[in-house]
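Next up: some structures, all given as structure tokens.
Note that chain A is present in both complexes that follow, paired respectively with chain B and with chain C.
Moving on to the complex of A and B:
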């Protein structure tokens, strides 16, 4: 575990050198929030209106949190990196080292994400307070609960994207699978809470990644409930264990059929 | 002059053709990239179905017009990414000294530089754009207008990408800025302009030319007026001219690297 913490720490330190890049990335986040602010203000003709159980402010806070989780992740980069590692044969350098590639990817990417998520969270909260002039009712304990759920959501997301990247062992380019995954999370999980979808598919969505990587933490933030918190955390932990098992399985299967030409 | 332009077009066509052949070496990846891009774009229909179940019009657009807006955004983006893919990597090309390769060629440096590779998945964007036009209302007139607006919009997107990337000549590493501006163009282009208010709308018709790439094309196809075509034409010429001016002004400041690499 110590070696993975070291990997996490060194990635975090490296990223501290690129704070400017992260700050420029803030512009994209602000733009997305600006677009959704305008969109929901248009949809809610009266700010006190309640649609599917959400007020306008709750909807915007929901999007602020889901966008923090998604935009700080840099999933496209992670998937591309793993695909390139496999395709170019660079992965052989990792195979020979005394660590597991799946855990290495997880901790290395957590190191990259940590600083971003911290800075974007500050920005997101500021934007929310400035535009909405209201903050969801949260106690210190519920804030800690939301943070735990967000941390688990990010970890699960990284493992799921690692699984997608590792598909490169079997087909040449796994990036198209990532496009579909990202759209699933963005369209279905980031913009709308599950309650906006037809009742018939809501139970199915509860078992999808959307529930654990975006809906869960955001719902806790806008409307915290202890019973719901326990339920979300249990599902997230189960999801994480299963995702890690699948990632290891794909990795070991893939490594066995790996052929690298020297050069 | 005419002969030179014809030669340039021939070389560009061949460059794109070879790049495409290279990408087609693996047929499965080639086809799957296109199909997945179509599916990827189609995901957003869900978003609009939900929004239109909440309200009858969004930003003054009907559901069909939003479908057309997405088709137009996808088509312009597809043209720009397929034919001019490297304009989105230009900043990195300048910073890493890879521009040397193009400087020694007896053809236009900028055009050679931005057309030397293709993005296969962009074919999916092009197909998706045409499908969306069919869902909106297919007619020969609409198709021709759609193609014209798509090409003009793509030239504008590429021009913006070149202008932003050319900042690297003066300020060094500006990849993040370039990526942000390029992302911004596509993010706004997929939402009806009616949801935005105030100052931002002025930006859409000036320095962030979403008017050319998205909003005016929708008006052109929905309610044709020559004045709109004129606006698109003049706007595109201005942005293309500005792109060439920026790039060649910056090129004077370019200092070569000793990077040794081969273009295959």
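Moving on to the complex of A and C:
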């Protein structure tokens, strides 16, 4: 485990040199939040109105949290890196090291995400407080619960994207799969809570990645409930274990198919 | 004692083939066709502890594929590999603690970190206690003369400095076997020479077994006592460097400066390579003619200067490659 923490630390050290780049990324976050702020203010003609169980402020806080989780992730960069590692043969160095590539990828990307999520969270909370002049009712314990759920959401997201990247062992380019995944999370999971979708597909969505990587933590943030917290954490842990097993299986199978020519 | 044993190793690659043009692209999409490339064909050899061997061959000969199988990166189709008592396909993680790899065309260092931070990182990866890593870094810093750029981010280092750091990163865990895959590629002659001296010094200090692949004949000549030449997936020669140089082709080169112009024609066993003004360059095949025959032919009284040398290793290797192609 110590080696993986060192991988995490090294990536964090690297990213600390690029704090300015992260700050530039804040601009797109602010634009997104500004768009959704206006969109929901337009949809909610009366701020006290409740749609599908959400007040306008809850709705905007929901988007603030889901956008923090998605924008701090840098999923496209991760998928591209794994695809490149596999296709260019750079993975060879990782294979000759005494660690597992799946865990290496996870901890290395957590190192990239940690600083980003910390800085974007500060920005998101500031934007929410400035524009909404209200903060969801949360105790210290529930804040810790939300943080745990957010950490699990990010971890699951990284493992799922790692799985997509590892598909490169079997096909030429896995990036289109990432495109589909990102659109699913962005359009379906980030903007609207599950309750906004037809009742018939809600149970399916509960088992989809959307529930564990965006809906779960955001819902806990806007409307914390102990029963819901336990349910979400259990589902997240099960999801993480299964995703890790699948990632390991794909890697195990893929390495046997590896075809590194020349040099 | 053999640290590497390879027995009847083979590896095939499946490569997609496409007919030319748009029609070919559609055909390939509907019904893809594949060619089987036999990259490594039934090779066997052993490497002794502390040996520095060159594993060479033309592009596509199968040398990198063989090295990748020995390090556990690629899985062989058939045959057996034993590296330090481990089967790389089954005990890859355990073997990783015992071997080091440097691929000249790939990067293993974290480019935004300094060499020192990189070495600490590799120490942690190999579960080496902090104090021990510090001691090792200090030792290798001196051996590889890294002092002046120890705290400069790797991205700002020259290629030569980076390669030195790559090698050090591979030595942090004191590997028993070091695989160097074209470590001097792209370096200038001065830096190449420096890297060679350092590799030699490392081999002497730590008794590390080195398996080297390179297209640079000087690397092989100056570092290795044994050479394995691979061509078209097969071993075409496995011999000592000395034997390779002096016996394999059995040829000598005579450079002579004459008082007067000599008009010579090639005869059996003596081939005229160059005849310009008063200078002559002959290649003597010692199986057919002796050196004295060649000198007699030149007439020693007409000679100002003479130099007899071996055929350059580069030429010998090219000949072996060509023989393998036949």
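To be clear about the criterion, the second predicted complex is superposed on the first by the 263 of 263 C-alpha atoms of A that agree within 3 Å, B and C clash if a C-alpha of one lies under 4 Å from a C-alpha of the other, contacts with A are read in each partner's own complex, and residues count from 1 in each chain.
The rule is short, and it goes like this: contacts are C-beta pairs under 8 Å (C-beta built on N, C-alpha and C of every residue); 3 or more make two chains touch, one makes a residue touch a chain.
In this text, all values refer to a predicted model and were calculated from it rather than measured experimentally.
In the superposition on chain A, no contact is made by A:230 with either chain B or chain C.
Using the contact criterion defined above for the overlaid structures, shared-chain residue A:144 touches neither chain B nor chain C, since it reaches no partner. Considering which of chain B and chain C touches more of chain A, the answer is B. Of the two partner chains placed around the shared chain by superposition, chain B is the only one that A:42 touches, whereas chain C remains out of contact.
In the superposed model, A:126 lies in contact with neither chain B nor chain C.
Contact with chain B, but none with chain C, is seen for A:21 once the two complexes are overlaid on the shared chain. When the two complexes are overlaid on their common chain A, residue A:245 makes contact with neither chain B nor chain C. Applying the stated contact rule after C-alpha superposition, one finds that A:192 touches chain B and leaves chain C untouched. Contacts of chain A with chain B, set against its contacts with chain C after fitting on chain A, share not one residue. The part of chain C that touches chain A in the complex is made up of residues 13-14, 59-60, 64-65, 68, 71-75, 92-94, 96-97, 99, 101, 103-108, 110, 112-113, 117, 120-121, 124-127, 181-182. For chain A in complex with chain B, the residues that touch the partner chain are 20-21, 24-25, 27-28, 31-32, 34-35, 38-39, 41-43, 51, 171-173, 175-177, 179-180, 183-184, 186-188, 191-192, 196-197.
Contact residues of chain A toward chain C in the complex are 2-3, 6-7, 10, 13-14, 17, 89-90, 92-93, 95-99, 255-256, 258-263. Residues 26, 28-29, 32-33, 35-37, 39-40, 43-44, 46-47, 50-51, 54-55, 58-59, 121, 176-177, 180, 183-184, 187-188, 191, 194-197, 200 of chain B are the ones touching chain A in the complex.
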